[in-house]
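Chain naming follows the written order as A, B and C, and within any one chain the residues start at number 1.
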Amino acid sequence: MISTQRLIDLMRAVREKKPLLHVITNRVAINDSANGALAVGASPIMAEAHEEVETIAAISGALELNIGNLTPYSIQSMLLSGHAANQAGVPVVLDPVGAGATEFRLQTVQKLLDELDIAIIRGNAGEIAALAGEDWGAKGVDAGEGDGDIVAIAERVARKWHTVTAVSGAADTITDGQQTYCIKNGHPLFPYMTGSGCLNGVIQAAYAAVSPNYLEASVAASVNYAIAGQLAGEKCAGPGSFRQQLMDELYLLTEEKIRRYAAFEEVARS
Amino acid sequence: MISTQRLIDLMRAVREKKPLLHVITNRVAINDSANGALAVGASPIMAEAHEEVETIAAISGALELNIGNLTPYSIQSMLLSGHAANQAGVPVVLDPVGAGATEFRLQTVQKLLDELDIAIIRGNAGEIAALAGEDWGAKGVDAGEGDGDIVAIAERVARKWHTVTAVSGAADTITDGQQTYCIKNGHPLFPYMTGSGCLNGVIQAAYAAVSPNYLEASVAASVNYAIAGQLAGEKCAGPGSFRQQLMDELYLLTEEKIRRYAAFEEVARS
Amino acid sequence: MISTQRLIDLMRAVREKKPLLHVITNRVAINDSANGALAVGASPIMAEAHEEVETIAAISGALELNIGNLTPYSIQSMLLSGHAANQAGVPVVLDPVGAGATEFRLQTVQKLLDELDIAIIRGNAGEIAALAGEDWGAKGVDAGEGDGDIVAIAERVARKWHTVTAVSGAADTITDGQQTYCIKNGHPLFPYMTGSGCLNGVIQAAYAAVSPNYLEASVAASVNYAIAGQLAGEKCAGPGSFRQQLMDELYLLTEEKIRRYAAFEEVARS
């Protein structure tokens, strides 16, 4: 069982080590992803040029790959940086945005999973279900409302690709295929902030950069991000103020807030 | 004459149907466009890859094409998705950003108008005047200050391309070439928010997705967006807070607010 | 010695002339850069298409080139627009984002500096040090913490490329290689806002568009931007609210605020 103290230690480790994060992401989420990374204490660099992605990935604390706006050029950027990261022992986080929306996205994600060693996959239920070959009624890049057992699906994905799988939603599910955690922090305004899932993926990368135990890293990142959202949501009237307040709360997160609000537990394997 | 009740019904229809919106837009406005779409209740997907744009356009409630950052690749994305949308009966909204700024933009817009069946064209006065071959003194992507009869110009554009034309400005003009509406809601801070016109175009698409009467859809989208801006502006000191508050007000729009604030009227044909 | 009155005159000149700014920048900063340009009174256009960049650069008040997200296509856009601007006497501002991070960025910046006549180079200490061939311990796109004499380095860069060099940091250093100014306004939240340096570069361009004395333009832009940040910071709890408030303060800047807060001085040449 991961302790609340561990979530606090990892939050501090990100702030102290200020890991360089190499992020290749979509144009919608790129600004919030950079601001959120800065807010938790990391140092993001959003580089896609083939001439430099290998160099940057190899010296980074973590690499985050997000398929929200694929082009032939960016797919190649992801493969080049991913191989360089794997070679250098730099953890790679994958965000399979809209994997259930088109065959093209699903095939690209599968290619990335087949070629690269992925530390953490973070997606919504529709995306993770797509990786498992399950129908989830996803609509575009939004989660959809499937009725399968998302815990079982997440564990299957984790075991198949030897990775930690983090499923974001009203409650988050984090699993390495052996141990599984459920996180109950969060706020209903999250889905109204475009790229809030993408930013979650970047924060997973920030925590993976400071902990070789990726299950712990993912649980800590998820709880801390969800607490910031919960506190932001309590101060907001709508999605515009939520987005701004979320950035403040990520920056203002403290040991005391984590102790007071963290709501997570280990769940029995499905 | 369109009734205020109709504006309310369409606002509700967007929230209930949560239409998938396929948006191909510029890098400046892309984040606000996605957040604004979510705030009104739609589900945006910003896809440009040639491998998937046809699939996504065909299953969407509407397609929105914005030429703010053209590349050879994105022009092809627009044509592929536009033809797929036309084929599937999905309405297409076109935003001719900066059409008066360069010959290249004007030619691209004309190509899109010639090849595709466009439900609604939304632009500022300078852009719509450029489509009509009128000089409007536009500067870059800003409207400029022409002294022509914008109602007559808008009606000409609408009739030429068999489309609804929505001209945004201090007052908005919406016409299908037969019936013309003038909308007086809005706020002087709108032009200080980059991409506020682009977001207007996306909201036009959200409403077109729920109403086959595109004149009604465009008037409803325009009035409701302008009311949200008016309410946001009253609470703000400058453009930074306006932008945030606008997103909140789009989300918080109610039947009561529409009844209280809607200021639109049919105008005689020029 | 530049007077405070001159800072005020240039702020007003930007608002009165509303210069068209042609900006080629990275995807992270592009939205804030456009909003910030609007907030100070300029009219930004973010055009990259090869078919139109020369036309737009030639009619603009200034051109700003930012290398934050290089692609082969955007490098060519920068060269085409840069040559057109030089030909037309339009000042060009260069922002060498992450020049110290990879050999690829450094070579690209040097190519731009060799081929184009640059009015102002704006970067953080790590970036300017990289141009001077100094090691500064830069990490990615963040400044790093070198211990060289940044004034001497900035003067060297200014003299080598016959340009004004503006180094942003806790204090800013602005020099044309002969006269050097130090600016002490600012706020510790600036580095937590991604693209805050990029926006600084755009504001340098807005001021260069209204003053052929680029040293004055750069000092005025830097002081006014730093005052806006200082006032924003005093009202904020974290980086999310800082970003919003900064846009408001740029828009709300007055003669009185500049007189009250401007903190800059000429320093002896190193």
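Going forward, contacts are C-beta pairs under 8 Å (C-beta built on N, C-alpha and C of every residue); 3 or more make two chains touch, one makes a residue touch a chain.
In this text the structure is predicted, and so the values were computed from the model without any measurement.
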Interface sides of chain A and chain C: same vs different residues, half threshold: different
Copy-to-copy rotation for chain A and chain B - C-alpha atoms, rounded to a multiple of 5°: 120
Euclidean distance of C-alpha centroids - chain A vs chain C, Å: 33
Residue numbers of chain A (touch at least two other chains): 27, 31, 243-244
Sites on chain B touched by chain A in the complex: 18, 20, 27, 30-31, 34-35, 38-39, 43-49, 51-52, 55-56, 60, 73, 243-252
List of chain C residues in touch with chain A within their complex: 26-29, 31-32, 68-71, 98, 101-105, 139-142, 191-195, 236-241, 243-244
